[in-house]
Amino acid sequence: MKISAVLKMLKEGKITEREAEKAVSENFYADIGCAKVDLDRLRRTGAEEVIFGEGKTPEQIIKIAKVLVEKFGAAMATRVPKGAFEAIKGAFPDALYSDAARIVTIDRRAPKARKPGRRAKKTFIAVVCAGTADLPVAQEAAETARFLGSSVRLFADCGVAGLHRLLDNLDQIRKAKVVVAVAGMEGALPSVLGGLLKAPVIAVPTSVGYGASFGGITALLSMLNSCANGVSVVNIDNGFGAGYNAHIINSI
Amino acid sequence: MKISAVLKMLKEGKITEREAEKAVSENFYADIGCAKVDLDRLRRTGAEEVIFGEGKTPEQIIKIAKVLVEKFGAAMATRVPKGAFEAIKGAFPDALYSDAARIVTIDRRAPKARKPGRRAKKTFIAVVCAGTADLPVAQEAAETARFLGSSVRLFADCGVAGLHRLLDNLDQIRKAKVVVAVAGMEGALPSVLGGLLKAPVIAVPTSVGYGASFGGITALLSMLNSCANGVSVVNIDNGFGAGYNAHIINSI
Amino acid sequence: MKISAVLKMLKEGKITEREAEKAVSENFYADIGCAKVDLDRLRRTGAEEVIFGEGKTPEQIIKIAKVLVEKFGAAMATRVPKGAFEAIKGAFPDALYSDAARIVTIDRRAPKARKPGRRAKKTFIAVVCAGTADLPVAQEAAETARFLGSSVRLFADCGVAGLHRLLDNLDQIRKAKVVVAVAGMEGALPSVLGGLLKAPVIAVPTSVGYGASFGGITALLSMLNSCANGVSVVNIDNGFGAGYNAHIINSI
Amino acid sequence: MKISAVLKMLKEGKITEREAEKAVSENFYADIGCAKVDLDRLRRTGAEEVIFGEGKTPEQIIKIAKVLVEKFGAAMATRVPKGAFEAIKGAFPDALYSDAARIVTIDRRAPKARKPGRRAKKTFIAVVCAGTADLPVAQEAAETARFLGSSVRLFADCGVAGLHRLLDNLDQIRKAKVVVAVAGMEGALPSVLGGLLKAPVIAVPTSVGYGASFGGITALLSMLNSCANGVSVVNIDNGFGAGYNAHIINSI
Amino acid sequence: MKISAVLKMLKEGKITEREAEKAVSENFYADIGCAKVDLDRLRRTGAEEVIFGEGKTPEQIIKIAKVLVEKFGAAMATRVPKGAFEAIKGAFPDALYSDAARIVTIDRRAPKARKPGRRAKKTFIAVVCAGTADLPVAQEAAETARFLGSSVRLFADCGVAGLHRLLDNLDQIRKAKVVVAVAGMEGALPSVLGGLLKAPVIAVPTSVGYGASFGGITALLSMLNSCANGVSVVNIDNGFGAGYNAHIINSI
Amino acid sequence: MKISAVLKMLKEGKITEREAEKAVSENFYADIGCAKVDLDRLRRTGAEEVIFGEGKTPEQIIKIAKVLVEKFGAAMATRVPKGAFEAIKGAFPDALYSDAARIVTIDRRAPKARKPGRRAKKTFIAVVCAGTADLPVAQEAAETARFLGSSVRLFADCGVAGLHRLLDNLDQIRKAKVVVAVAGMEGALPSVLGGLLKAPVIAVPTSVGYGASFGGITALLSMLNSCANGVSVVNIDNGFGAGYNAHIINSI
Amino acid sequence: MKISAVLKMLKEGKITEREAEKAVSENFYADIGCAKVDLDRLRRTGAEEVIFGEGKTPEQIIKIAKVLVEKFGAAMATRVPKGAFEAIKGAFPDALYSDAARIVTIDRRAPKARKPGRRAKKTFIAVVCAGTADLPVAQEAAETARFLGSSVRLFADCGVAGLHRLLDNLDQIRKAKVVVAVAGMEGALPSVLGGLLKAPVIAVPTSVGYGASFGGITALLSMLNSCANGVSVVNIDNGFGAGYNAHIINSI
Amino acid sequence: MKISAVLKMLKEGKITEREAEKAVSENFYADIGCAKVDLDRLRRTGAEEVIFGEGKTPEQIIKIAKVLVEKFGAAMATRVPKGAFEAIKGAFPDALYSDAARIVTIDRRAPKARKPGRRAKKTFIAVVCAGTADLPVAQEAAETARFLGSSVRLFADCGVAGLHRLLDNLDQIRKAKVVVAVAGMEGALPSVLGGLLKAPVIAVPTSVGYGASFGGITALLSMLNSCANGVSVVNIDNGFGAGYNAHIINSI
């Protein structure tokens, strides 16, 4: 029930004050016990709540997804193991799964509602990826931004150990409105890109590496200390966050 | 000498091949011994080189500034101690100093060249600052973005311990095209802002705090782990980086 | 045997001095080889020993529980894996298990002995939980405080990314005598609560998160550096400790 | 102006809507440029804002103190260097300074308003301090709690290396409603106290020590991992926080 | 062949210089490919080489044990998983296994050669253990010292949360020539012991704990910063090292 | 197609400019989707790309290996689990696997092309290994250097706890042109070697150890702080990197 | 007053029960406000309290020293800056200062009471020091042990970078009953010594070094992970602790 | 006295066995109390002992330098503050000081003895430096290698933020036999160089940076995790070590 309808019913004495209060709050979030699904987030931040799958049971994911699909016609869950997807598919037969990105999407929106206008625009996000092992994180970023409505181009294996592979693709990357740079190990890619580009660079450190890479800490620190300008950083392996950030900048 | 002029002189036999090579490279950087000042950065990245003052002697800063002022009519140096500014003022009597931000600026550009067009635009950057002790970093961000050509509004002392101080200013902050959130201690401000805004939030952890704040590490980690979306992070106390990032997004 | 009885028997020559010494010490702890079960703790600290299940074999848990049940009519063990509970149930068919909290309880006390007086009182503990994945720790806190005799109300999914979900429940939370705030990732919840409440806030960082959350270190540091007053902190995932602390404050 | 007065004037058309809005917000905080002094905190949390002196100039401390003294008749600032106190004394000739605790207080409240009722009560806070070098932090805790209205007793040099010094004072400590335990180096004191007391123990690690004490990290970690129950922890050297927490528990 | 015999044969021309060199070196170590077993260690350090089982295959352990048993009539291997012991038992049917300590021993020495003299002495090592979960490390220490020839008494579950359990056994512990103190979590036991004893205390931090115990780092740091004198520390979970140290001190 | 051939065809109008561009770039790297295999590395750095197996699927390894074998007649992949090798063997029946070093090699080069000249030279690399558990890393170093064309001698179990085992082999080690020193735990071996040798020492810390060895961090730090000269360090367990470095120095 | 005297006076009614209690406790510690000087420590642990000078004012040191000198005829204070010694000398004109060790001693005991018996014994402590910059810590260890009554021999500059300097002195070092090994940087010295000696080795890491020596952490970790047996460790720069430990072992 | 001379005198009965032993050992090191100057190092490692000035008094430096100058005709001390140099100049009027590198050299060798042969060779070391603030470390490396006898070329300000400055000098750098890469902040330079060069790259992290650069830790970790081959690393700010390593490789 919309807030105006609730208030009208209250005024007409059809519901009590307590019932009205509860009905109003249901416009803002749905309390389903294990979660209070944020229904107001789209209005406040420009994007619906996305389900962070890690640490949630398939049952919890399904319960939250049901609320979102009912409200918005679509839902996305990140960091979903393959096994959990099987359970989710039982509840949503039209759910899709990206093996690489470990993302589940359910999308029942009319094609028009999928923001075709924006897609039609010439602007796109470039996701530049240092090594083959960094690809899953890069794909999480790309899938996220696409689900939210942006166009994305992915450039794989452009690490600085073979600089010509990056320079060879530079003309294409330069055309992007915003760039996501994904790298593990020493995480030097965003610094090199930052020195070559006008677009803002969102750096994603990955946990790829061993020994003193400390599960991505080295790449994270490296990116935070970039000698190049225009680089900002998200958490280790946080492809989702980078894709989200890139999308809201691409949407400006 | 412009590259075309060099090539013309070479063709006409007025200079040797070696002289031509040197003259061409001087279009890209000026080698002054202690530094190779990047003259090509404006073309590549959209902004001139800014002098990072920390670890440089006043003499080095002056030498680099001279190259930049000659080429671009302006120069900015960050992290300059008051004492060093005195020496710089000897070389550039028109240099200005911001005590709070510890930034030196020299600006001899015609008012028009200071990007008046963009300033006239309605868009602005909101710099939101958690506590009084975080102000210097917030001011470094604000000064940087202004020097580069953006409009900036600064909101001081909006920390989450008194949430109403932030919520009271929310309507104003919501109008910004991009938001810089500056906080020390537990660094919770960007999370709260991220959950309330459509604009991208650039989070700057500061070294304000004591004990287990570890010189800003806690705030940095907190911001990297933000449960809100749309937040990206720069280095501890990196007001310059945040202002630069905010400007390039504001310039889109 | 009570100490007075032992002394009487010693005086009457029915037992030797050595036997008396041993019998007296048995009032204070029971030495069962792998453990010296603290029988005096209730007198000293106001609460019986609780079995920390991690790192103990089911056999050890059973041996200790037997001593406690015999002495106090009840026993509680935390951090017990489901598998170990099966073994414990073999020894205590009336043992109960909370899946979420991983707590085993055996309670043979007469209902009256379960401190009904205190339960009847109006005071209660509010356990406020940031995200769905933090629920197990919140439930450990709630179960612990209930076992010890306090009333508890649990508020799930009140993280700061959707501030309205917290503010909407604030009136209820304000009525609590003491508040437990459970959060992972950047752990901002206790700061926001601390700025809004009169009651003491016991903050519990959880290991929920990834990358630079470092298994809860970020949330821990964030809580230790809270800019709000009235917040104290327990170990990562230490729901038990928070519930215990909350109970002794609630018992004042 | 009280909110009711503002609304009355607005209704009577004596002030504009904008003026009313500003006047209402002034009941909640005073915007003095460098700070938004929280005037509503007493109502929300039960205690007025206390000025954290570190990182603030004497001028900023004076400006904030003026607002607080005008509103509440008293102000307290922590972590004020001796030198800064001289400047503050220029503005507040009746300001007092505790050398050990580095706290400035200005108190113009009528004796009655200093919560004599609570002081008269039998309850008190015990501040137990491990070593001589930990005394400044213990005194910060004691001064804070006293300023807020609690009675405090300080027990110096009760470290565990000479256990009898602690046990000898145990009868006195047991009478406290809440205990603050202050220790550096290995920080074992709260564990020993926690095992002996019914009262909640607020543990304060100090930066006293050298080498692998890492400026208090060891004591902090030790206290977070206490094997005794009833112990919660505040930041390193955070005597203020411990005193504040102890006071709100003592006020229950 | 003893060195003297080798030299004699060389002098008599029965072996070449090269053969002599090899034969001499075989008195000092046995090169078996994967290892150079140190046969000279007993002479140099007073104790034979002990096999550190972690990271070695059962085959490697057997090969090294064969050399040691042949030379000294006995061998000990620490950190041997149960599974590996089965394989070892195949090669040494008389090998014994301590489940708790995860130690394998083979001992074919004549009872007299097992240093009965020293065992007969009144001196012994006290191994004092904080909690039930610390027992395996304590038992590794005890088994090691016993294998090397010392008498050992083990005191279980004497953690500081129930101080009376420790004080009750103090008279016995005071009789030891050297004390090993084993504790996890906050590791306060050695500090309390150090303040009460004349004997040197060898502290062993264990990895028992969770969250901010960081796998034993907290206990380690705590012990290194002990405010009591007479405490020295070995690596986390290094029961072997503590037992070895205790034995060489007990052997003085 | 060689670059000259491409340019010729372009001049003759047989291919378009775009086709020429693509054909030229194929001389530098092969874009196979998941990777851009660096075909130019041999020319630039003197060695072909080696496949880092960790984090790559067997399919990805096979795809990259095919490109390398086709181009260079040989390929090597490090950190390949036994299971993955089975899959690789399906594609390359002549692939060889070193269990200890976890390296796969395919080598179809004519014996002459395997740099027999260099092997024939008197120079060799000494790989000195501290303990038995460090052997896999030492063997990764040795196998890598051999694949690249160097002669290698491996000295096992030369740790400093039994110094005579090292000194006994010193004459042999001194003959090497470059030395690789592999050690875990406290990593003291390179310091002792550095003080005794003229040759450069490349130190490889291993993750062998427990407790405060922190997975090799202690050995890494120890080696970085060596009081001996001539020691440089690679990442923890980076046998490959040490072998590569040793080879390029041996090739001088 | 001795306890027996107190009890006698109490029995005779010359003092009240309260006075008796206070008089008894004064046998155990002297409460001087800032400290409770431990007068019972000699009886319990075999050595008097030593004043840890760091973090204490000269006035506090003097007050504590007065109690100790009155009771025991001697006092020692460690980590006393030169400036503080001047103040102490004002109160104790016979106080002596060791510049290198930063130790103050006052010794008014009759020569006989200085444990001449033990000094006459053949046993001594060897303090072996790695580098010239480590000497102050080594001297703190030596001075401490000498004050407590042991004989000490100091071996300077025996670091492992020039192994022959150590081996050349080995015969002398082997005669010591216990060895203190002092080293900064990579701290390899105790490992080498541990492999060569029968005596227990107490390792002292020093903060000598730079960069990744992290103020002594590297040396500390290195010593904790020693591959040699018989090594235990004290805190960074804790010469006092090592000297104390060595003395109590030397006293066995 | 040479060893042969000593032995001759011993044989002739001119000196006692003890005198002979002392005289022989003086060929290997000079015991001057605070240090045992290593006189044998040139023979063993190919280079004389260099004085590490940090933590040594000017007097100690002078004493050691005297021994070295007497023996070898030259001495070098690193990390010498300007003030200390003044004192050293008093003892060695011909001592030279490099302000940037903070190195003192005394060189009385005949020009020929300064290894003119090697200098004449075509090989040289390239020291490539990322930023202006990194220059002191780069100069320490260059000065060290020059003192030891190598030719060096220094390339300043070649950081990756302006890649063309590096690529423009690549042809020169490629001619070096070994390359030293000096960088602070994110330390990406060695990775880029490693991917472009055949020569071994010795990477030196510097403490240049702020915030999460952690005094050079970030650069250090970045270099250890380089995705390029052929890179090995020395300690933070260890210009000396890099110069030394480069020299011994250049000497091959």
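Order as written gives the chain letters A, B, C, D, E, F, G and H; numbering starts at 1 within each chain.
By definition in this document, a residue touches a chain if its C-beta (ideal position, glycine included) is under 8 Å from a C-beta of that chain, and two chains touch if they have at least 3 such contacts.
Please read all numbers here as calculations on a predicted model, not as lab measurements.
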**OP:** Enumerate, in label order, the chains that touch subunit C and subunit D alike.
**Re:** B, E
Subject >> Minimal step count in the chain contact network, subunit B to subunit F >> reply: 2
Subject >> Duplicate of the C-D contact set - from A-B, F-G or A-H, the pair where over half of the pairs recur >> reply: A-B
Original post:
Using the average of all C-alpha atoms in each chain as its centre, how far is it in Å between subunit C and subunit H?
Top reply: 60
Original post:
At what distance in angstrom does the C-alpha mean of subunit G lie from that of subunit D?
Top reply: 38
Subject >> Chain centre separation in whole Å, for subunit F relative to subunit A (CA means) >> reply: 38
Original post:
What are the residues of subunit A that contact at least two other chains?
Top reply: 41, 161-162, 194-196, 211-213, 217, 220, 224-225, 229, 235
Subject >> Chains touching one another, given as label pairs in label order >> reply: A-B, A-C, A-F, A-H, B-C, B-D, B-H, C-D, C-E, D-E, D-G, E-F, E-G, F-G, F-H, G-H
Original post:
Which part of subunit E faces subunit C closely enough to touch in the complex?
Top reply: 132-133, 135, 156-158, 161-162, 164-165, 168, 208, 210-213
Subject >> subunit D-facing residues of subunit E, complex >> reply: 130-131, 159-163, 185-188, 191-192, 194-196, 209, 211-214, 217-219, 221-229
Subject >> subunit D to subunit B touching residues, read off their complex >> reply: 25, 28-29, 33-36, 38, 40-41, 49, 52, 54-56, 60, 79, 205, 207, 215-217, 220, 235-238
**OP:** Would you tell me which residues of subunit A are touching subunit B in their complex?
**Re:** 41, 44-47, 50, 177, 194-200, 202, 220, 224-225, 229-235, 241-242, 244-245, 248-249, 252
